[in-house]
Structure formats: C-alpha cells, structure tokens
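Here is the structure we will look at.
Residue numbering begins at 1 within each chain, and the chains themselves are lettered A, B, C and D in the order written.
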Amino acid sequence: MATQEQSANGTKADADADALVLSNDPFHPANHICTLCAHFYNLGWVTGTGGGTSIRRGDKIYLAPSGVQKELIKPTDIFVLPSECLNLQIADPAKRVSHHDMPYLRRPKNLTPSACTPLFMTSFRKRDANCCIHTHSEWAVLATLLCGSAKVFEIEEIEQIKGIPKGPGKDGNLGYFDRLRVPIIENTAKEEDLTQYLEQCMEEFPDTFAVLVRRHGIYVWGKDVAQAKTICESLDWLFKLAVEMKKLGLPWTKQ
Amino acid sequence: MATQEQSANGTKADADADALVLSNDPFHPANHICTLCAHFYNLGWVTGTGGGTSIRRGDKIYLAPSGVQKELIKPTDIFVLPSECLNLQIADPAKRVSHHDMPYLRRPKNLTPSACTPLFMTSFRKRDANCCIHTHSEWAVLATLLCGSAKVFEIEEIEQIKGIPKGPGKDGNLGYFDRLRVPIIENTAKEEDLTQYLEQCMEEFPDTFAVLVRRHGIYVWGKDVAQAKTICESLDWLFKLAVEMKKLGLPWTKQ
Amino acid sequence: MATQEQSANGTKADADADALVLSNDPFHPANHICTLCAHFYNLGWVTGTGGGTSIRRGDKIYLAPSGVQKELIKPTDIFVLPSECLNLQIADPAKRVSHHDMPYLRRPKNLTPSACTPLFMTSFRKRDANCCIHTHSEWAVLATLLCGSAKVFEIEEIEQIKGIPKGPGKDGNLGYFDRLRVPIIENTAKEEDLTQYLEQCMEEFPDTFAVLVRRHGIYVWGKDVAQAKTICESLDWLFKLAVEMKKLGLPWTKQ
Amino acid sequence: MATQEQSANGTKADADADALVLSNDPFHPANHICTLCAHFYNLGWVTGTGGGTSIRRGDKIYLAPSGVQKELIKPTDIFVLPSECLNLQIADPAKRVSHHDMPYLRRPKNLTPSACTPLFMTSFRKRDANCCIHTHSEWAVLATLLCGSAKVFEIEEIEQIKGIPKGPGKDGNLGYFDRLRVPIIENTAKEEDLTQYLEQCMEEFPDTFAVLVRRHGIYVWGKDVAQAKTICESLDWLFKLAVEMKKLGLPWTKQ
C-alpha cells in the first residue's frame, strides 16, 4: 500500500518532474485523471484501489498509480511517460519491457506504476486512442459470468446502443437495429499478461472500443476523455440492463 | 462528439445570441437546463449522452444539445428556437423541417441540435407544455420490456400514483383507486421518426403526461419544470417498483 | 402544483409570521425540516413530492407543505401550528377539523397544507413524539406487498433490529433475539382518512414507533429528530434486507 | 439516544481532554474518524447508528461513540483511550473490564462508549492493526445468510480478490487463482460478547483481515486507515457480487 501523502518529490530534478503535473487547468491530464477517478469511484468502477485510467496528450502519457484509493488521487501522484514509449515491446511476455522499468519522465516516490500501463498503451498505439478507462464494474463482471464461455457479449434493439461508435475511422455510431458485440478475453494471473490477449482481440474485433475481461472488468478507450467516458457509461448501463433482463427472463437478442 | 469547451460564439451576432443564454437567474431556462441535466445524470436518466430536456419560456424554446455529457452542459451550450417554430411541419417524415434546418436564434458552434427537438416541440404544441424531459431510465426500459407487446403500462393501488395529474385541463391528480395507464410506442431507427407516433399516441391518450418508448426510454412533460420533473420522478419510482414486483411474483393490477 | 418561489408573505402580519421560520440556527425546526427533506429525497423517501416530515418544539408544530419538491423546500415554505391544536378533533371523519381549516400561525401563500398533518399530530399527541417522518420508500411498500394481507411485518435475529427502541417509556432498545413487529394498516383514498386507523393501530400496538401503510409507505416517530430518523433508517434497512431475502428464498423468521 | 450537540466538555480537565481531539490536520484520528463515518454512511455501512470505526495512533486509541448518527459525528464526540489498555482483560466474560469502565483519557459527556470497543482493541492487539472498521452492510449480512451454517464465506477467480492482502507479515496480496476465505462467527446478544469468538477466530484464521458476524455485519482491520478501508471496500464489492451471483444461479467457487 503506497503512502499517498508522501508522493511529492524533493530535489531539483524532482521539481522539473513536478512541473509536468502541476497546472491550474482543470482539463490538464494530471488534474483530469484525479477528478475522473473520484467520479469513477462514485460510479462503483474503481472500488478498493481497483481499476484506473490514463490520458495521452501530445508527446506524454499520464497514468494513475497502482494500489491506491482512486478517489483520493492528487496530481502529484501521477506517473508520466513519453509517448515514444508506445514503441516499446510490451505484449510478448518473453521480450516485455516491464511497466516497472519504463523510462518514466515522472515517477512519484513510494508509489508503484500500474500493471494496467501496457494495456492502456496498447489502446493508444493500436487504436490511436488518447484516453483509456479500466473499471471493475460489478455489472461488467456479471455480464461476463452470464456469457459462460462465450467470447462475445451481444445485445440488440436497445436505444442506448446508439451511444457506441461504429468503429475507428467509421462515421457515426451504431444504429438501433445494429447488434452490439463486445469481445471477452479470459483473465490472467497478472494484469500485464492480458496485454497480448488484448492486442489479439483488438485485431480480431477491429471495430470495438472496449474489451471485457472475464471475472475481472473492462477496458474502454476513445479518441478523447469524453468519448472514452461516454462509451464506458453506455456499456455499463447496458451491462446492468442485461443482468436485470436475465433475472426477469428477458432475452438479450432476437436470435 | 461535440467539443463542449468550444461552444461559445465569437462575433457580434454571436454576442447577441449569447445574451439569450447568459443570466444570473438560476431559474433562467439556460441555467435551469444545466442544473436539471446534472441532476438527471445522478438519477441515471441521461447516462452516456442519452436523454435530454427542453424548456419553453414565453416566445422562446431552450434545448440541450445532442451527443454531449449532459452533466457537464454549460449555458453557452444551449440552443434557442423561437416559439413560433411550434407551427413548423415536423411529424410527417415526407414534409418534415429537420431539426438541423430550423431557424435557431442561437446555435452553438461545434454542437449538434438534438434529434429530440421535434418530440419536445410536439409536447409544447399539443399539450401546451412548457417543459419536456426525455430519459433513458433503466426502469422505464425494463418496464416496456416486461409489457411484451402490450401498448400500455398499467398499475393500480399504489399511493405514488397520486403524483400524476388526471389530465390536461382536469383538476387534481389521479386517486389511489385510479388505474395509471402510460402508453407505449415502438422505437424507430431515428429519434425524430418517433414524432408522428408520439403525436398519434397523444391523441389516443388525451389525458397522459408521458409516453414510453419501447426498448428506449420515456418522454414526460408538464406545464412547468416542477410538474414535468415530479411526474417523471413519480413514474420512474413506479417503474422501478413494477420491476421489483415482477421479480417477486407480485401482480401490477387487480385484474 | 404550488409555486415555491412565491411562498414568502408580504404584509406586517406576514412579517410576524415569517419571524416564526427565520433563524440562523441550523437546528431551528424550519431549517431542520429543509435539510431533512433534502436528505430524505436523496434516500429515495420523498420522491416526486411524496412523503413529508414535521417537528414539534415547545408550543409550536412545524410542517412541510403539500405537493412540492421536497428537496427544494425553503424555511419560508413551512407551515406553523400552535401545539394546542393537538386537542382538535381530527380522527373521526364525521367531526374532523380539516387540515385546511386549522388555525395556522403561519400559512405560506400559494402553498397547501399537507394531508399528513393529522397523522403527524396523532403521533405527537398519542406518543408524545416531537418528530414524525412519512416516507414513500420502495422497500417499505414492497415489504407491505410481500406481507399479503397480514397485519404485521415481522423479522427476527438481525442485528439492525437493535436500532429500534422497546417502546415508549421502556428503557433501551430491542435485543437481537427479540422479534421486531411493525403493524400494517390498509391504505385509504385520502391520506387524512388514515388518521383513525393510525390511532387505532397505535392503541393496538402500544410499543411501536412506526406504522406501515400498505401499498403506500410508512409513518415513523420519535422523541426527537435523531430518534425518529435513526429508527426510520433502521427500518428501511430491514425492509430492503427483507425484500432481498425473499428474492433469495431466505425466511424472515425462524418458522 | 445521546445528545450529540451537548458532548463538548466544560472544565479545565475537560479542556485538556478536548485538546486530544482538536486539530487542524484532517488526518488527525479525531477528524479522520468523522470524515470516514460520513463516507461509510453514504456507502450504507453505518445506517441508523449501526457500525463504527476506531483508529490507533501511537499511544492513543480514538473511538466513535455508541448510538449516534454516524454521519454527523464531530471531533468532540470522540472517545480516547491509552494504548496500554490493549493489555486489559476483555475477552473472558467472567473477568472482562467493561468498555464502560475503561480508563478513558477523554469521555464526552452524555455519550456512551461503543460496545465495539473491545472488538476494535482485539484487532489492534492480536494483529497489530491501527484501524478497524465495523459495518452493518446489507451485502455482508446477506452473504452470511446465504452461507447457511457454514463457518466460512468462500469465493474464487474474481479479480477483486487481489485487493485483499495474503496475511499479516506476508508479502503482497492474494492472487487471482487464490480462494478468498472470510470466516464467520455467530452473533451474540451483546456486541461485547463477540470478543472471545473474534479472538478465537483470529487464531483459527491467522491470515484473515476480516471476520463476518452472521446476521449482523463485518469487522475489518488493517495496518492503517487506507488498508482497512480498501480491504473493507473490496470485500463489500465481493459480497454484493456474491449475492447477485446467487440470484442468477452462478456458483461462487469451481465445482
């Protein structure tokens, strides 16, 4: 458990690093991640240190730390990576550059880099996303459990589906009569080991903006915070609806 | 996805248009829509850009924009229409004046008019309403699903029914022994195509203050914000109760 | 629907009446009712103008108005009655002094006295209570529905039962092995007509601090706000638990 | 019911005692307990005066009082004990030093010491914990009910399990493939009588950071507030998931 109160740095180099996260702009990524995490906590998405989020802006990637109370994160708790790190080898476990060993521009003392880091980076590199959200939503987990061993969660003819874009580079959102398909990958013992499966899944489902992780949660990304967050909300709404439908004996699709 | 940060206008004409939405009065429609949307977000009614609301005051109609985070709307994001637009042809798809082409007095740059616009206008024109709320409440959607193909949601002998007025021009609210009947129309691919069915439904159910849209949500209106909001709350309470009753094997009506 | 914005009075006599509800003390009943109602709204107890609350202090009774958004009540919306009104004939429908005709010390213009008034007064007179809360909690309503035609809700061996006092004039609270019994009366078309049944029920159940109203909600009282509120919370917690237990096939009592 | 408004002391000795709980540091235990209790109230953990929390810092133990509205606690409502009290005989009912008779350094007038005190102290003494949280969470209670007469709640292969440490003195947290086992003790008529069973249970389950109390709630502890709170949140998340899984016919463990 990191000591959140002690994460600010102390030396001259530290001061330079602190400048990366200190800003009066509420939409600066270091501030924005803090308000998002507090909001996600209230939504039940990052309970008990679970989940996290990352924003890329220009040549930098900002990341919430590991294992801390997400609703209490401060800008000085934020890790910063250069965007060129997206070229690092992270998916192949044999050749992986660990998130512990990446060339952080800023690395708060007493805090640990998040094991979600390579997964956030994968969404940035493969989808040109600039924000990625990882939740431990109960509705997402229950939806994966209700899918049994199926590799995709599917639902159709629900208006909220129109909150999900058709696909990267495609114009507009899914229509009411389109079937929403969210792929599911199996969980691994270590979060970072999900990276290769996330990458494969993104290739198999080139249009998806989200990947469910069975018995674990979901990764959702977008071109910006607003897109990632609203997709994540729409999906969570649909997962909750799907769980309630199952209790009431209502089918998810017209089969 | 619109850029909410860039919606304020810039020219002289823009400044005139901005004056339509800038006020220190918290109950000015442009301010009121913002606080209502933030409140509705917390109630789960406008998750992930879904839903919306509109207020008419005197000769103007104020509208929340399309496809944005409703809890973050600012007064400068509000569209304004002259009330005389209520005479426009909007129900008939063949002759419809699109919500994209209406003579807005104020049209925020980078934002899109809501496809709910013709539906809000229908409630204003046909019911002389001054506020209309559209939610994507999960309870409303589940209630429509539990009704199967029935055209009306019905419940009786629940005290909260007394929160619903008897009908436009009728004195007082429904009684405890009155059966509440909320009509349901089928969803369409495009939101604006609901307009003709909403209009027909209002004629068929001249006393109703709300129309459910199957697998989608609900439209609720009233003579003012307080009436529309409290009817919407009472109905949502009843839909949630109805869903829980179904799980517990309790009938909605005495048959 | 009352106009909450217009409820403040204007004449000299009005100013005297206003002095009854204007205070810098947050625990003055006129202020306290406002904060309580906003809190109860967030708990789902007074949705859509339903429910209400009343406090007696010394020779005065303070009451929330009828048919308004409870979370937006202001001190100037509060009705004030002299405590000597507790001697009025209110239970017998044939001889009843209507809540519309009581000698209010303060009666906000454009607002309507609450039909809960005689029920609040009954708890003050018969139990020497000083605060009474009426909720439309969904859990209370579902609990009454799950009781079928039974006249009492019963649950036992749940720690939270210890939040309920043994009875007026009795020392201490119920024990873990005591069975909690909350009586249920049938609903009537008009709220004020419940008064005689509430009164009879209080006589039949001399130890109870609450009476459920089938398909409607609950009335809970206490010697002060803290007691009434904490009993109401404990009961609501138990009703929700009972509903969940029923879904899971768990019995409320040991056979 | 204690009078929270009257808990501040008045004499010189009282002033010295007040100094123990007055601080500008939001993380001073007397302040921290207040913000935690308000937060736990919003989580549904301390409804209607139920539940509580305690923090040990250095040679002092700070405790929330009994039977008050936990969300309204003020620093002057806090009891203070010397840490050397951890050597008092508290488990054996025959020799027990009652929580009423302990040598409090500060004892607010009109308030009653919590019957949870010996249980909090047991976690401090036997586990070297510095924070202990007691909740009446509905999910914890339902989980114990769904376990029937089983002495342990068990669940496996859910990512959130990784929020629970392996055990005192052990490095790191449980893994995804580890089975989480939370022991359950039976409830007693008096809270303080749980002490001996809590103590026995801690010996029988040397790795556990929490003990469920059937039909009652849970005790959770940690080396600091952050650890106790995040474990408590992770467990509550898991109990809620487990209840939902049971409704949906999903097993908690493999086979």
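As a convention for this text, contacts are C-beta pairs under 8 Å (C-beta built on N, C-alpha and C of every residue); 3 or more make two chains touch, one makes a residue touch a chain.
Predicted, not measured: the structure shown is a model, and the values here were computed from it.
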Query raised in the report: Considering chain A as a copy of chain D, what rotation angle in degrees (nearest 5) results from a C-alpha superposition of the former onto the latter?
Result: 90
Report task. State the chain with the largest centre-to-centre distance from chain A, centres being mean CA positions. Result -> C
Query raised in the report: Rounded to the nearest whole Å, what is the centre-to-centre distance of chain C and chain D, using the mean of the C-alpha atoms as each centre?
Result: 32
**Report entry** Cα-centroid distance, chain A relative to chain C, in whole angstrom
**Finding:** 46
Report summary line: chain A residues touching 2+ other chains are 247
**Report entry** Chain-chain contacts as defined at top
**Finding:** A-B, A-D, B-C, C-D
Query raised in the report: Can you list the chain D residues touching chain A in their complex?
Result: 27, 157-160, 163, 175-177, 223-224, 226-227, 229-234, 236-237, 240-241, 244-245, 247-248, 250
Report summary line: Note: in the complex, chain A contacts chain D through residues 1, 4-5, 44, 47-50, 68-69, 136, 138, 141-142, 145-146, 187-189, 213, 215-217, 243, 246-247
